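Working notes, structure below.
Naming follows writing order (A, B, C and D), and every chain is counted from residue 1.
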Amino acid sequence: MSTSVDERSTVPMAMSEAERRAMQSDRIRRIACVGLIAALMLPAMGWAQAASSPTSAQVVRVVEANAYVTPEGKLRRSGRVVIENGVIVQVGGERPAGTVVDGYEGGVLCPGLIDCHTGLGVLGPLGEHAAAVQPRVRARDAFNRYSWQLRAALEAGITTFGLVPDDENLVGGRVAVCQTASPEGGARALTDGGPLKLSLAPGVFKVDREPTSRSAALGMLREKLEAVHGGSNSSAERDALRAFAEGRLAGWLTAPSGADVLAGVQLADEYGLRLTLIHTHDARLVAGELGDAVEGVVVGPLGMMAERRDAEAAKRFVEAGVPVALAGGLPHQPADSLRIGACVATRAGLPRAAARRAITSEPAKLLGLGKWIGTIEKGYQADLVVFSGDPLDLRSRVLAVYVGGCRVYVAPATATQGDRP
Amino acid sequence: MTGCSKYGSAMGLMVAVVLAVADGMAGPPPERVALTGGRIIPVNSAPIAKGTVLIERGKIKSVGPAVEIPYDARVFDVSGKVIFPGIINVHTWRGLDRANEARPVTPQLDVYDAIDPSQLFFEDCLRLGVTAVHVMPGNDTVIGGLGQVVRPIGLTVPAMTIAPGEHLKLSTTPRRGFDHMVQMATLRERFLELGDYAERLAERRYEEKLKEDGKELDVGPAEARKRGRSLIRAEDVDDEHRNLLRLCGGRVRVAGKEGASLFKPLGVFVHCNRAMDVGPAVELAKRNGFFDRTILVLGGECTKAVGELKRAARPVVLPQRLMYRETDLHTGEVRETFVPTAIFEAGLMFALVPGPDDSYAERMPTYQAALCVRHGVPRDVALRAITLTPARMLGLEKRLGSIEPEKDANLVVFSGDPLDFNSVVERVFIDGIPAYERAKDVRLQRLLTSGPGEGEGGSKE
Amino acid sequence: MFDNRDVMISSVTQHRSGRFARAWWLRWPVLVSLAWWLSGANLISAQVRPLAIEGATVLTGTGEVFRQGTVVLQGGKISAVGRKVKRPLLARRVEARRKYVTPGFIDCYTVLTLRGKPRSGVATARAADAFDWYARDEIEAAWRAGITAVYLPAHVPDGTGGLGAVIRLLPHGSPDDVVLAGEAALCSSVAGRGGALARVKTTEALRRGFIAAREYREACEDYEESLKEYEEQLAARSKKAKADAAKKKASGKAKGPNEKKEGEAKAGKKEEELKKPEEPATDRVNEVLLRVLDGELRWRVEAQDPAAISNVLDIAEEFHLALVLEGATGAHLCAERLAALDVPVVLWSQPAGLAYQWKQGEQGCAAPATVLQDAGVAVCFGSGVLPSRGSEPRLALGVARAIGQGFDEVAALGAVTSEAAALLGVEDEIGRLVPGNRADVVIWSRHPFAPGARVERVYIGGREVYRADGDE
Amino acid sequence: MNRQTLATRAGSVAARAARTWVRCGLMLLMVLGLSLPVSAEGGEPPGVIAVKAGRVHTMTGDAIDHGVVIIRDGVIEVVGRDVEIPAGAEVIELPDGVITPGLIDACCMVDFGIPEGATGWLHGAKPYSFWRALSEIQPEAPDAPSISVLDREFPAGPVGAVEKLTAGQPAHATWADQAYEVTPHRRVVDSLNLLSNDFARLLRGGVTMAYISPDSANVIGGRGAVVKTAGPLGDRVVCAAGAVKATMGGDPIRRGLPNYLPPMYGPTPNFHTRRPTTRMGVDWVFRKAFFDAAKAQAGEKPGGADAPPPPALPVLQQVLEGRVPLRIQARMQHDIFSALRLAEEFKLNFILEEGTEAYRCLPQLQAAGVPVVFGPLYMTASGYRGRTDEARRPRLTTPRQLADAGIAFALTAQELRDEEGLVRQAMVAVRHGLDEEEALRSITTAPAAMLGLSGKVGELSPGAAADLVVWSGEPLSATSRPKLVVVGGEVVYELE
């Protein structure tokens, strides 16, 4: 198992980072998770009774592998996880007596991968272009839980994903958080109360509606934010926008160019917004400008051939102390695009620990679920992926996937295991 | 296109100016003309603070601080002014109606047929002190036609001609609709085909010869070709191959005694817009034996190929825009390279051409030279790059490019130092003919007149 | 701009002088050795001066692996590889412990450094002409990915393009150092972008091309024959003519005019039966196609969907061509036939998106490389078309991914080194770390397929052309 | 070979400016807030710098030979001949150099052309390429722009095409907001890309401050901004909401649809083709806007055809009250006349922009006391201006005539750079009779005055911002160029 110098060196940073995020995401939890508890616990009860069925989870279940991914993103040996009622109750330590044990020789336990920016399994487009400001649109409404794509994503190790409205609206609507599988088998939406999607991408500027220029775009955004306090516009809009304007609701801003980033930072500063920036190409120029003005940055998707400046973006942001989550861009990218992105970023200099966090815990935090998924730790939902090696190593395969403590996918035994140098 | 075509339609004023020029043209050049009291910059030798240039029958008779002036000389007192050799524009397509034929390969064409003496371009040349223009087919071609060196005065092309065309136009940069592969393939194909043509021509000639002497054909083609080589006469070569044969002068397959010297070999201007086009250009020239008659017309990026250029050590013509900019793929930074400095440091012989017409300053050759000085090129090199160097490239250094006895009397009188932006062209003498006088420049006066100019726009309509 | 050699030497001298300067009490040795270095080392060009990479894990590309191995580069070639190799005199030593050394990767299909879009297809067009020596950004991108040689296609969207080239990414090398094969293969493509009908038309055009080439050859051969007999006749006639002349002399002027007439009449008859054969015009396009028909040139075809692929296979069978398939996203569906005809396949490492696979219905395949390999088809990898200007060809990642999908790991390394070289017909030049091959070597920080592995140094022709920043 | 670029500058500044950026928000909030451009706490204090040169053009008095400029904390402390240099001062000595204040372009356009490297026209913002990876078949060759563009615009072929594409943008591409004809509530600063390479080019031309004027696509467009071309990103924007820009003549008609195509070949009617299509229409929209503004002020409800959007009204009212300055762009004589006439109707003070034919309206301008931002100077209009029919009768002598007529004027290069950049404009003006001192003033103090920054920028006097340029020779000589540029007391550009 290769855990070499560069990882150890990055750990302190990572720790402090993690703590700081934890402090900050305090408020997120309070909002996001009332509905969430229901969403998570009810099914848990559900499969507690249905213990007899082979696919469903035992009350107590032990998953064993050679190593697991720690909350800091490091690889540590002796991966043993004890699951009870779909929740992780013990990591490492002794194996409890009389329990079902799933053992994976040479396997690595990784938190279920989280692709925070996808259009997975949507019916039709994820954008309503009649008007540029659409705070009441919910991506969840376009979610098709029977789409074949979800299965493909699951088999690539993605357990949770964000369904994000497209970039062609100034205010695009609410992000939905969904899972590719559930203990009952089918996919499910965890919450439709995700962050509010905003965009300054060129796609926003159309010839048949306002705005047609960035001047107008930012102007309108300001007007809306100020109007919220005036209470002029309709209730639903007001609720979403007010929550956003008052910093109760996180916003995701697509900011392709450096200019857009600066504009976003400036807005966040003017109105005390909680912003996450997406798809920034000019990281080189602006990484230093962000400081703690934004909650985090979503980088990617990074294709196999991503341009150098995009590939290095993650590294630059991490160096600047900005939390980074990677996007997979499914379904327009291949199913394992998230891991490809992580590899590309790593080869461009992103520390491996940070890279592992960027596809597990960081996106969870940015989606407002930092307390529930994305890490292998006591009390977290038991979403696990068992890889045949380091998840960052494209040679390693997915052996099995657990959602809510329930094994929802096992790889066919025939395929050979990629061996490590 | 800007400039020229815009000028195109101002016939009224056209006539006026042409007449103005014509009075000079009317008779033969005046016997003797003397420019006295001016500061003389002969370019190839040290400046003379206050001297005289004596012109006799269109040639410079003598230059110096103390030249005694014949009684019958027509004297122009230019004291306080600067006398400078006529500037040479070594490579331009202006003066033609269109830069290029639509066909890619047209070696048979000659700009002689397309030069339009009435174009205001030539009139502008006078204003800028340009006394010799090498008109060439444009860059958007594979093999263009012949160029021609003309002076910007005269009502007919023959009257304008300084020297007949001795340079062909080639381009290793893809013409529009081509890519590098097809461009180079076409070039290669042409020169291979040229070889075949020469072979068959030789064969034909041999057969004809036998017929003439009433003999019967006695050998097969292969042998006939060998024997026929020496029989080829200039008039046998057809138009589309003639110029190419002349271009390859050295190694035409017709290698008989007089074979290679069938024609006076041609020089060539090869257009290389990108650095990657330089190598192929040099290789092509070497393979087909016109390397030592090759002049490279560079684009800005070619400074990257400075190593190759140095090895080739051929004279180069610089791009209109002397500053080359490119954006770094990764950082997005803009890298700037000043072309002349790079070329000069490589020790290459280079000529400057006027910049784009819509840039007021860069269209002046003198300003281009000043730009070079600004960026560290020595003053004399910069001055030569618009006078003597082009003359060398065109093989006219015996006649043009500097102020010395026996050379053509092409002189420009500047109001001040040529590199000073505030100095203007006051008079131009071409072969001793007073070809231009600022005071009589109708259009210019109109453009410069102050006060609410009514009926203006002449120059721009 | 690219002249790394001077840079390298100067850095070496600094290093040396620094080391000796520390040993100040040995001033004389310092001077002596400095003089020695100046006379010896610095004046000897890097081409001549040997270089030894020591202590690394050496993956030779042939499947052979030396741990703690040494690679010696000399005169632009590899002079020795192995565990116990002693460093030659004057050799510069490169410490590479805990690092990996591989042959420079070979990208079997890339448009990187290829200038301009091929618009009109001519079989005589050469991709080598469109290779931009000065595209520094792109060439460095290749080096960063460990790629030292590329195959550049001369494709047009549909139909026959030009001649592909094998290029070593060695800027400012002499042309024959850079262009390993200026005419490596004839490129065609049956992309069928215009739908089925367009596809059929294209394949038909390709067939006709080859048929025309055959006819051209026949015409040439006919000409040769008729030319031969023509020349014989000529010879015969001239002999006869001489003989007649002699006879005339002998018989003197006694004869009357009537016989003269006879003679003329005879001569006239001979004139008629002697006819100079018409030489067919040389057609260089056909000559290229002929080389393909003779198997001198490989025929590389870009064909994506199975229908197009089987069309191409038909042609290859009909004319017995040495075919190589490119792109071939649907190749796994005709794996058996490919294996039967043993046609190698060059897969593009850029994987298709989920939605795209779906659009193709059952054609979508998670692991095409594996399927092909299992069927016994030779598979190589190319970075394929680039999504945008500035895209980087991360060949190693594509291969690693294939391994993850069950592709054999040893074969995988071969597929971007030795096998690739074989496919391009340059296996004796590059692709393997064996004595005599060109010294195109890459030093990796970790195993090339391992996560976070990065290229630390690249040597081409024994010359260091790339050094990762931050690497002393 | 000069590789100085804004990007590197921004990069190095970024670290220092990480915190100062935050203050930019507040700065932007101040409408018309003309704060002192330099601030002591912008990055770590530059300390004391002394710049010595052969000649110093202070622009306040006569030029000083062998002068010294002492800079403390980004502000000029002393300027003079023999000034003793404080201990510990960093001394920059260029004996043959000539110092002038940083030049000011009073009507600048940034990224007007298609920015180098940018594939979209959105002023430097790279087009968003989330899904492009699959759509593109071949990488775009840098030297082969799409044939359609070539055929329509550049018969010269691809060689010339790229140059042209980067030189002059197609007439219909514009930053301006096209949703309404009247958009004074929009700010050009929001469209501005502070990271643009264009600023580096301006800087290399000796321009340290620029008034970014909105596009001429609307009859009444957005509000301009005053920015510095270098220094910490947070301190760049000096004024976020400057004058309101109005445009007379053909531009509002022409911009937004390719004016070189006959109408029926243009795009189908949409926001871009919604504009008035005659000068009648233009003048009407202008009149209607201010009429409605006045009406609304009087408490009546505006309405009817071409009513301006509600958020525009308050700004227009401020213009009427003279609290927000107005700039009107007009090229041809009768457009200038209509500008004067409309201003007369509503008792508006304004600054005339561009004024190509100002030489034909001297008495009227004189009478109205209208200052002119004149430029660019040209004989043949280039870029998109060349395609308008309004640039046919330029006069190279106009600056001199304005000076003779005693009309306050500043020179501008607008979107032009380098050899046609600001200092070259002044050079051309001098070549055609303008007095050299006058010319220098027209690119330093005069624009400063128009921006209401007299005494703060554009001159070298105690208390003024330390923005200065050291030239290799006399600034207006063809053979000299900036050797060193100081902005806010920091050396931001140095010729290597």
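Observations, loosely collected:
Note that a residue touches a chain if its C-beta (ideal position, glycine included) is under 8 Å from a C-beta of that chain, and two chains touch if they have at least 3 such contacts.
This structure is a prediction, so every number in the text was calculated from the model and none was measured.
Using the mean of the Cα atoms as each chain's centre, the chain most removed from chain A is B. By number of C-beta pairs in contact, B-C leads when A-B and B-C are compared.
Centre to centre, using the average C-alpha position, chain A and chain B are separated by 66 Å. The geometric centre of chain B is 39 Å away from that of chain D, both derived from CA atoms. If each chain is reduced to the centroid of its CA atoms, chain A and chain D end up 44 Å from each other. For chain D, the set of residues that touch two or more other chains comprises 7, 133-134, 143. The set of chain B residues that touch two or more partner chains comprises 174, 177, 274, 329-332. In chain C, the residues touching two or more other chains are 115-117, 350, 352-353, 356, 386-391. On the side of chain A, the complex with chain C involves touching residues 2, 6, 148-149, 152-153, 303-309, 311, 330-337, 340, 343-344, 346-347, 349, 352, 355, 390, 392-397, 415-416, 418-421. Across the interface of their complex, chain B is touched by residues 1, 3, 115-120, 122, 124-127, 129-138, 154, 162, 172, 175, 227, 230-231, 234, 237-238, 241, 267, 271, 274, 276, 279, 282, 284, 389-390 of chain C. Those residues of chain D whose C-beta lies close enough to touch chain B in the complex are 1-3, 5, 7-8, 116-117, 143, 147, 150, 155-159, 163, 197, 200-201, 359-360, 362, 377-383, 386, 392-397, 400-401, 404, 418-420, 424, 427-428, 430-433, 472, 476-481. By the touch criterion stated above, chain C contacts chain A in their complex at residues 141, 144, 349-358, 366, 383, 386-388, 390-394, 397-398, 400-401, 403-406, 409, 446-447, 449-454. Residues 167, 200-203, 205, 207-219, 223, 254, 256-260, 262-263, 265-266, 269-270, 279, 281-282, 284-289, 291, 293, 301, 303, 305, 329, 332-333 of chain A are the ones touching chain D in the complex.
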